[in-house]
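What follows is a group of structures, each given as structure tokens.
Next come two complexes, and both contain subunit A; in the first it sits with subunit B, in the second with subunit C.
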Partner chain A sequence: MKGPVLEVRDLHVWFDGPGGRDVHAVRGVSFDVRPGDRLALVGESGCGKTTTVLAVLGLLGAAASVSGSVRVDGQEVLPGGDAAMAPYRWGDLSIVFQGALNALNPVRTVGSQIAEVLPRDRRVSRRAALRQAGELLERVGMAARNVARYPHELSGGMRQRACIAMALAGEPRVLFADEPTTALDVVVQAQILELLDRLADELGLAVVLISHDLGLVGQLCDRAMVMYAGRAVEEGPTVGLYTAPRHPYTRLLYEATPVLGAERPLRSIGGGPPALDVPLAGCAFRSRCPDTEDRCSLTEPALTPVAPARRAACHLTGRTP
Partner chain B sequence: MSHLLEVEDLVLHHRVPRTVADRVARRPARVVRAVDGVSLHVDRGELVALVGESGSGKTSTAQSILGLVTPSRGTVRIDGSAIEGLGARAMRPWRRRMQMVLQDPYGSLDPRCTVASIVEEPLLIHRLGGSAEQRRAKAVDALERAGLRPAGTFLPRRPRELSGGQRQRVAIAAGLVLDPSLLIADEPVSMLDVSVRAGVLGLLRELCDGGGTGILLITHDLATVAHYADRLAVMYLGRIVEEGPPRTVIEAPAHPYTRALMSSVLHPDPRERGSRVVLGGDVPDPGARPDGCAFHPRCPLADDGCRTTDPALGPVDRRPAGHNAACLRPLPVSRTTAAPDHAPGGTAGTSPATGPGAVPDPSPGGTVMP
Partner chain C sequence: MALITIFCAVSLNFLLFRVVPGDAVSNLARVPNSTVAQQQALRHEFGLDRSIGAQYVAYLRELAHGNLGRSFANGQPVSKNLGEALGNTLPMVLLGTVVAIVAGIATGVLGAVRRGTRTDRALTVSSLAVYALPAQWVGLLLLFLLGGVFPSGGRVDEFLIEPSAWQHAVDVLWHMTLPSLVVGLTLFGQYALLTRTATLETLSEDYVLTARAKGLSTPRIVRRHVLRNAMLPISTMIALTLGSVVGGVVLIETVFSWPGIGRAVYSAVTSRDYPMLQGAFLVLTVVVVVCNYVSDLVCLRLDPRITA
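This part shows the complex of A and B:
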């Protein structure tokens, strides 16, 4: 078995807040990505999933302080900050940013934007770079002639494909995809899913999907980490999470996800996530949790094994099947 | 009895100005047929979902109904009386009775205004509501009906202090404050977190169940709305291609496009992989509508007839009354199984393709179409 490409251990992220009240956005997240893995980071807006990935890639900038450990091929990169990560970014680790409709520069052609991220040693003449950009577009199911077009000439789905082509330019081993289907039509969502699925197979790419769409997660990923208030509350194989969620938040998220033809109505999760600029006492989910008891307000449950390859952070997990 | 909203043969064509090159080549002006003969109705207490991809003309239909654009042809009747002249000016007296909820509660609320002023503004525009106290009372009532309770705590707040779901409820309250009989909601939940979508849709459903309001809900997300709608109307390239009660449409879709939309819905169960029929391409340019059935270039079942004959919307074999489709080769009923909770209704696939990493499917859901 090959070792992990990426190992993240006990990652914490703080953002400077007004009045010195720092926001503790990511509170001790750990995960591994091995070659060919399909992992999902799942949760509502503000749960820290995007921040986790940006911190791993060293893209958070000066407003954030990051601690913990991030290893690429066993090599620690976190203490070195953005500079230490730079050789891996767009190369071994690449990202498709959220918001495909706005992620491209509107006044430059698609081809020139893809050519820009080609690795320096491969960037030859302008013509050769554009040819390579065209090949990348073909790989994502677009005609190579689209290199000459501007983003506004492309549909939303095509723009997302172009963003994926750009992320593939450095021949990554791990592709992070941040909400790659939000703001796209259902039909186009399914097309993008097929594309990511095919690329992962063909290129042996590991995919880390960031999404709140459990339909997409179920169809693309084998493993998922459910995040809440900056922490992982449950992780394990997606089949197991779907059939027998062990954390109430995971269960409620699945109940909020539509299934066509299902007889059950959708449920929403009342309330909202806690503020992260004050220290949390007890379980972060307790204000929205349907089944709490006294100890939930006293100590924050740790992520503990509940089944093979499954971990959950809930005091009551032992009792709720 | 007349319908609350009745739209008959609504047409919205945009003429694309000819370029110099077009003139030199003597090409005729192109006409984009955004809405191409839509008829639909909404009754009081009814929630009708208009479903389709971007570019299918669903938002153009709503804008035409509201008079935000001037349709080329067609009639819009409210409670049986036709809106004369159609267009912004003619609409003014009708606007009170038809309100719109927009997709993006982050962009549609003025960040500098308080919730109170956002909700009271429609009363000022329409010179209603009497004194300041009376307006405030109406705003409080609208906020409470939109599920923001106690309303008093929300009045002084600004949009940035609210969550996405709360913002959309404020937008709905601003629509409700005029007591409209028709609410048109354009993708009201697609910008919201999944965890709060059910709450907003449940609210719209309650407003209908109260009896006085009818809702036309526009969306591309069939799975999310199916449970809340009384009727579905599926649009493709400016026309309604299938309509009927959600139950029968989802259990036995007649139009291949409806089936394709359904199979694009992603099932959260990883064991359901491999049953997708993914439509290729995008909705064609409405300025170059294909001959015959507009869907034939993307349809897996199209034959020569479909390339030449444009099917009309009408009753389909073995479907209940009220379930209509515009298809020459409607899908059969018996072989499309609607499985209960475990499998999605639309698992009818072209073949039980083995998705990557797919676990052999133990569920009985995936009946195969020929």
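This part shows the complex of A and C:
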């Protein structure tokens, strides 16, 4: 087994808040990505999934402070900032953003935006670079002539395909996909997912999918990390997470996901995630948790092994099989 | 569209001079001992006894032939007077504008990229200060500071005898420096502030985040993903200000005795030179409309989303 491409340890992110009330958006997240991995970060909006990924890629900007450790091929990149991260961007770690219309520059052609991230030896001439870009577009199921088109001339699904082609241009080893199918209709959603699946197989890419949709996660990923309030609350193989969730949040999240043909009521999780600009006492999920004990409001449960390759952060895990 | 605008402006321009109290003759005829009969004869000669409609048609016909009438003040054709004045104003204003564009955009982008730093604050404050200063005051200040280095007024050195074309050009450029600098300074502040705002707005776009994720360096991101997008509002603004500056150089041209269109308008007003004034208004209207048209063309080039 090869070593991990990416190791993230105890990642914390604070955002400057008004009046010095800093928001602790990511609170100690750790994960590994090995070559060919299919990992998902799951959770509802505002639980820190996207922030985690942006922090790993060093894209959060000056308003955020990040601590912990991010290693690419064993090389620490976090304290070095932009300069340390830059060599790994796109070449090793690339990303497909949510909302493909805004992720592409509206005044430049799709081809030129793909061509500018091709490895240097591949774009000896403009013509060669554009041909390469065309080949990448064909790879994601688009006609090569789309290189000359502008983003607004493409449909939503095509734009997302173009973004994926662009993400592949640097021949990355890890592809982050941040809600790659939001704002797309179900048919296109399935196509994009199938495309990511195929590309990951063909190119030996590791995929890190960020999603709130457990259906998608189950289709594409074999391992998932469920996040809540900036923390991982449960992680393990996706199959096990669905069939035997060890954290009440995972269970409720699954019950809130509609499944075609399943004879069960669709439930929603009452309330919302806690505010992160004040220190949390006890378990972050307790206000929405159906079964709490006294100790839930006293100490925050740690992420502990509950089964082979499974970890959960719940005081009652032992009792909720 | 631009042609329709110009046509409307021409018509309004015509009407404006018909509704002012008194006509050209009542002014000319303020000569002692002029009789009513003489005034009528003059009116007839100028065609002022005909109906408004007929006058309008005649005006349009002559305009179509490029005839703007003759100046009351010096008897020269208005088109010749205005041509000369515009020929003096345009290079001076353009030079100033180019200086302002280059300096303003550089300043604005630098401020936006270094947002919140001391550099940004210093640039923003100085742009605001320059923006707030009245042009004629800046002119006087520059005269006071640099009057010894650069010529303080006029367009050419009257004492140069039979200069070569090259000498003449250098001489004109030398005289142009101060007034152009004033034009440049007054525009610089606006351009710098707008560029900063537009750049900041563009920098917060998702595709700039994409560009950063792609590992592009900051200068490259600015050049390839920010500047062109930010140029859209800036180019519109440049075109708009250019149009109004050509019409608004009266004060600067007065301070530097620059024989341009601003001074032509000013002296036409003081001497009630109606044909000159009417012609000048027309020319200024055309300049503004042309500038807007050019800005539309530029936006069309810059932004593929806009279609003609």
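Descriptive notes on the structure:
To be clear about the criterion, the second predicted complex is superposed on the first by the 319 of 321 C-alpha atoms of A that agree within 3 Å, B and C clash if a C-alpha of one lies under 4 Å from a C-alpha of the other, contacts with A are read in each partner's own complex, and residues count from 1 in each chain.
Throughout what follows, a contact is a pair of C-beta atoms (placed from the backbone, for glycine too) under 8 Å apart; a residue touches a chain by one contact, two chains touch by 3 or more.
Note that the structure is predicted; figures quoted are calculated from it, not measured.
On the superposed subunit A, the positions of subunit B and subunit C stay apart, so the two partners fit side by side.
In the superposed model, subunit B and subunit C sit 80 degrees apart as seen from the Cα centre of subunit A, a figure rounded to the nearest 10.
When the shared chain is aligned, subunit B comes close enough to touch A:A190, but subunit C does not. Using the contact criterion defined above for the overlaid structures, shared-chain residue A:S268 touches subunit B, although it does not reach subunit C.
Looking at the shared chain after the overlay, A:A83 reaches neither subunit B nor subunit C. Legend: residue contacts after superposition of the two complexes on their common chain; A:H152 is shown touching subunit C, with no touch to subunit B. Among subunit B and subunit C, the chain that touches a larger number of residues in subunit A is B.
When both complexes are overlaid on chain A, the residue A:L59 reaches subunit C alone and has no touch with subunit B. With both structures placed on the common chain, the touch criterion links A:G91 to subunit C but leaves subunit B unconnected. For the pair subunit B and subunit C, the minimum alpha-carbon spacing after aligning on chain A is 12 Å. Comparing the two interfaces of subunit A, the one with subunit B and the one with subunit C have no residue in common.
By the touch criterion stated above, subunit A contacts subunit B in their complex at residues 38, 44-45, 155-158, 183, 185-191, 193-194, 197, 200-201, 212-219, 221-222, 238-239, 242-243, 252-254, 256-270, 272. Of all residues in subunit B, those touching subunit A in their complex are 53-54, 163-165, 190, 193-202, 220-224, 226-227, 250-251, 260-273, 276, 278-280, 282, 338-341, 343-346, 355-357, 359.
For subunit C in complex with subunit A, the touching residues are 116, 205-207, 209-217, 224-225, 228-229, 302-305. Listed in rising order, the residues of subunit A touching subunit C in the complex are 57, 59, 62, 86-91, 94-95, 97, 99, 102-108, 116-117, 150, 152, 166, 170.
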